[in-house]
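What follows is chain A paired twice: with chain B in the first complex and chain C in the second.
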Partner chain A sequence: MRYMKLMLEYLKNYVKSRMTYRADFWIEVISDLLQQGMNLIFILIVFQHTPLLGGWTQSEVIFVYGFFMVPFGVFNTFFNIWNFGERYIVKGEMDRVLTRPAHSLYQVLLENMDPPSLFGSIVGMIVMAVCWLEMGLTLQAIDIVVFIVLVLGAVFIYGGIYTALSALSFYSDSPTGIVPLMYNIQNYGRYPVNIYNKLIRFVLTWILPFAFVGIIPASYFLEPKEDDISKLALLTPVVGLVVLGIGLFIWNRGVKRYRGAGS
Partner chain B sequence: MMSAYLDFIRMRFLMMLAYRVNYYSGIIIYAINIGAYYFLWKAIYGSQETLAGFSIDQMTTYLAISWMARAFYFNNLDRDIANEIRDGSVAIQMIRPYNYLIVKLMQGFGEGLFRFLLFMIPGLAIVCFIFPVDLPTDPVVWLTYLAMLVFSFLINSQLNIMTGLFAFFVENNEGLMRMKRVMVDLFSGVIIPIAFFPGWLSSVMNWLPFQAITYLPSSIFTGRTPLAEAGSVFIIQLTWLVVLLIPIVVMWRAARQRLFVQGG
Partner chain C sequence: MLAIDVKDLRKQFKVQKNRVGLSGAFKDLFKREYTHVTAVNDITFQIPQGEICGYIGENGAGKSTTIKMLTGILVPTSGELNVNGYVPHRDREKFVKGIGVVFGQRSQLWWDIGVIESFQLLRKVYDVPLNDFNRRLDQLVERLHLGELLNRPVRKLSLGQRMRCELVASLLHNPAIVFLDEPTIGLDIVVKTEIRDFLLEMNRQEGTTILLTTHDLQDIEALCSRVIMLDDGSIIYDGGLEELKTTWSKGREIQFQFGEAMSISRLHQLTSTMNVAWTRENEFTATLFVPHEVNFSEAMGLVVGGAQIRDIKIFETNTDDIVRGIYQTGSAEVKESEDNTQADHVQEKESVLS
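Here is the complex of A and B:
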């Protein structure tokens, strides 16, 4: 309850500070969407030249992408901690965070909240709805519940992985390049995993489970394919909890090691 | 005067060299991206021999060379300029006895030289090792491509300088810079060769500078565009180089009239 109130307070502050640069807010929203749009344009152009991509139709691939946008938007809103090491460790702001009673990760996340990213989730849902109608699928109440659970699981996976990566800053002075590295690997998860070779498929499913934020949960709603990854879909929340648990564990241990920047 | 400008190249090159470790992971990132698109394109081709004039081997080569060219011509001149405008240090630079924009371009050259030698070349070597890339055997193709690459760099830097200068006119051009980056990646043909675009879009692209950055040179490199047509590619690149000077000069003139530093 207290954590909810904290969130509201941070949100109020965010709105106040953002309203100074109102035009910029919208430019940011639009440029975010444009970036997502680029990937959609890629898919659309690709399907002008082929009817199927690894056995998946255009509507299905776009549906998967739309699904992916939903957890990705939520994740970007609440886990906007790209520069954690730089800002909190090198500059020593972590000291300030640790003097307060709320959990350190929660504070860091709230301080960096980025609500405009939620527009991506909204667009993602619209994209899904359009594909849903196009494919003539039926909608049942249970689908919505499953959808929410799958999205939460996917957000947990992202959150866990990036929490763990950010926490690396506690252990090493400059873990250069690992975060952007991960950011690029995650692109693999947006497309049908069966187009990759066995090794990459295995890594994406079980080591860095980016397949669980896009293709696997989304396939729950689609017709089963040859390799039938949709059977794994309901594992998404489990994988999410495990990954988030690992992330939190690494974070908490890191905080214990933290000794301050010195100056 | 010239030697002062050359010194900016040297200084930036040495500065980049000090941070070279950051770029080792860059090579891996580019290889990962090339890999993602390599598998995608393989699935797209399926059993089809050629698409939009590219065979699958040419496509792989196109991917490799386009991403590695991006590794070379990419720079953050837009962010540098925008930051200096926002924190006001551009005012100090303006009263110094050199041309601010030329200095920026020289720093870009320094970074480009570094990226070419320590990012693009080793990156290309590694990528060729992993993926079935067909490098051209004709040395003339290589030389032509390298010459085009210089233009790619210049045109991309011009676009960056323009984007950066926008900071004079809007208070925060962060969004604009991001939008530019996405547009350059998509429209220059790094993500998809322009030949794949639907007809109307590729004819729009003919009237924009982006194709001169990646698509046209890479098509020569892969052999999709015969070497005989290299002349017209050079003309397109040269034309854009000249045309883009106009908005830069206009913006720079207007900017000096209305420099407004926030805080500081």
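Here is the complex of A and C:
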């Protein structure tokens, strides 16, 4: 409860400090959306050459992409910690965080909140709605509840993985290479995983479960396919909690190893 | 009751050794070598509630590392630690509610928003009831004259203004112990004095325990009844400031202005029976160094009786010199070799002369 209030306070301050940089705000929103738009165009181009992709139609693949955008936007809003190592470890700002009475990760997340990313989520929902209508699916109340649970699970998966990655800065001086690598791997989770070979599919499902932020939960709403991955969809929140738990564990252990910077 | 209780506290850092040259860099890539650096080496001290204690030492002596362990930022390698009834790194979140921390080199405030907004955010972070907060804020704002600064964004404040705001930020939750890491660094004398007065008053009125590190010994003289001196990770002195001065000042200096031109040999002749040293500044001015074991009035008498004198000034060795001396020798405990160092001192003076 106290943590919810704190989030509101930080949000208020975000708005206050951002009022001065309004142009910045819109540029960020637009560049975010342009990037997502490019990815969608890529999907459209692929479907110019083939009617089906691993048994999935164009509308379905775009639906999956739309679904992915929702947790991805939420994740980017609340886990905007790409520069954690640089800012908090190298420059020693972690000192300040650790002298305040709230969980250190929570403080770092709040200090870096990036609400413009939520626009991506909104666009994602619009994309989903359009595909939904195009495919003529029916909408039941329960679908909305399931949707929210799946999105939360997916956000937890992303959050857990990036928390763990950021926490690597506590263990190593400059683990810079691994974040771009991860950024590339995560992209594979947006497309039907059965188009990849078995090994990659296994990795994306059970090792770095990026399939659980896109294709698997989204398939819950679609027609069942041959290798029915939609059965796994309801596991999403479970996987989410496990991954977030692992991320927090690595973080908490890392904080104990924090060594500060300079004087 | 003890505010801070530290026993055999140690912090070691594992530091990667970088080998020289390109081939060294390749070797490092595959097999790294580490060395252990002991930043704080088994230190033990206690600070009772309500004391202002100065923590001094050269750069890299381990001051900041100690402060960071005491505030729960770093986890000690070994040793026992109890601050305000908590083990800092273990119950960090509960513990930090009872302490205030100011790092002179680093801002605690949010850069882009108004000072008052930073304070209000801190109120939420520390969960301070609104009434307490308002009362406390009014008090602090009045004492540190922040009135007109409150609505300005932090990035538009001068260093002195910012530091006063930092102090307020660290005190809003009414902490029992305050840690100040170089709180007066880079400030002008007016702001320094203001901050010192404020800290003294707070200590008197509220019994706040204060531990501060500084390179400005005037801070120590103005505030601290006790000094802990650190060198290379170990405590080399722990005690009163006066005591430090009396055991470590080696003597007094007297500056004479003579009515006639004095040569070096004449000066030496005057005090030939005593173990003292002369430094000649110009034809008419010279300084006499009188160690404590030499009878002061006798030395004065010899000079006054043997030459025509216009003016006399007496200098007590100041803390800066004493501390510099200790830093250079690296120990405050060399009582037995004190005589030697004193002799050295005299010789040094003489070698300047010749």
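Keep this in mind: the second predicted complex is superposed on the first by the 262 of 263 C-alpha atoms of A that agree within 3 Å, B and C clash if a C-alpha of one lies under 4 Å from a C-alpha of the other, contacts with A are read in each partner's own complex, and residues count from 1 in each chain.
The working rule: a residue touches a chain if its C-beta (ideal position, glycine included) is under 8 Å from a C-beta of that chain, and two chains touch if they have at least 3 such contacts.
For clarity, every value in this text was computed on a predicted model and none was experimentally measured.
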Ask   = With the two structures laid over each other on chain A, which partner does A:Arg100 touch: chain B (first), chain C (second), both, or neither?
value = second
Key: Per-residue touch tally on chain A - higher for chain B or for chain C   = B
Task = Considering only the touch criterion stated at the top, classify A:Ile200 as touching first (chain B), second (chain C), both, or neither.
result = first
Query = Between chain B (first) and chain C (second), which does A:Arg2 come into contact with in this model arrangement: first, second, both, or neither?
reply = second
Message = If we overlay the two complexes on their shared chain A, which of chain B and chain C does A:Arg259 touch? Say first, second, both or neither.
response = second
Key: Residues of chain A contacting chain B in one complex and chain C in the other   = none
Task = Mind listing the chain A positions that touch chain C in their complex?
result = 2, 5-6, 9-10, 13, 16-17, 20, 92-96, 98-103, 173, 256-260, 263
Note = Seen from chain A, its contact residues with chain B in the complex are 21, 23-24, 26-28, 30-32, 34-35, 38, 41-42, 45-46, 48-50, 52-54, 176-178, 180-181, 184-185, 187-188, 191-192, 195-197, 200
Chain B to chain A touching residues, read off their complex = 21-22, 24-26, 28-29, 32-33, 35-36, 39-40, 42-46, 48, 51-52, 170-172, 174-176, 178-179, 182-183, 185-186, 191-192, 196-198
Query = If you look only at chain C, which of its residues touch chain A in the complex?
reply = 13, 16, 59, 64-65, 68, 71-75, 89, 92-94, 96-97, 99, 101, 103, 105-106, 108, 110, 112-113, 117, 120-121, 124-127, 181-182
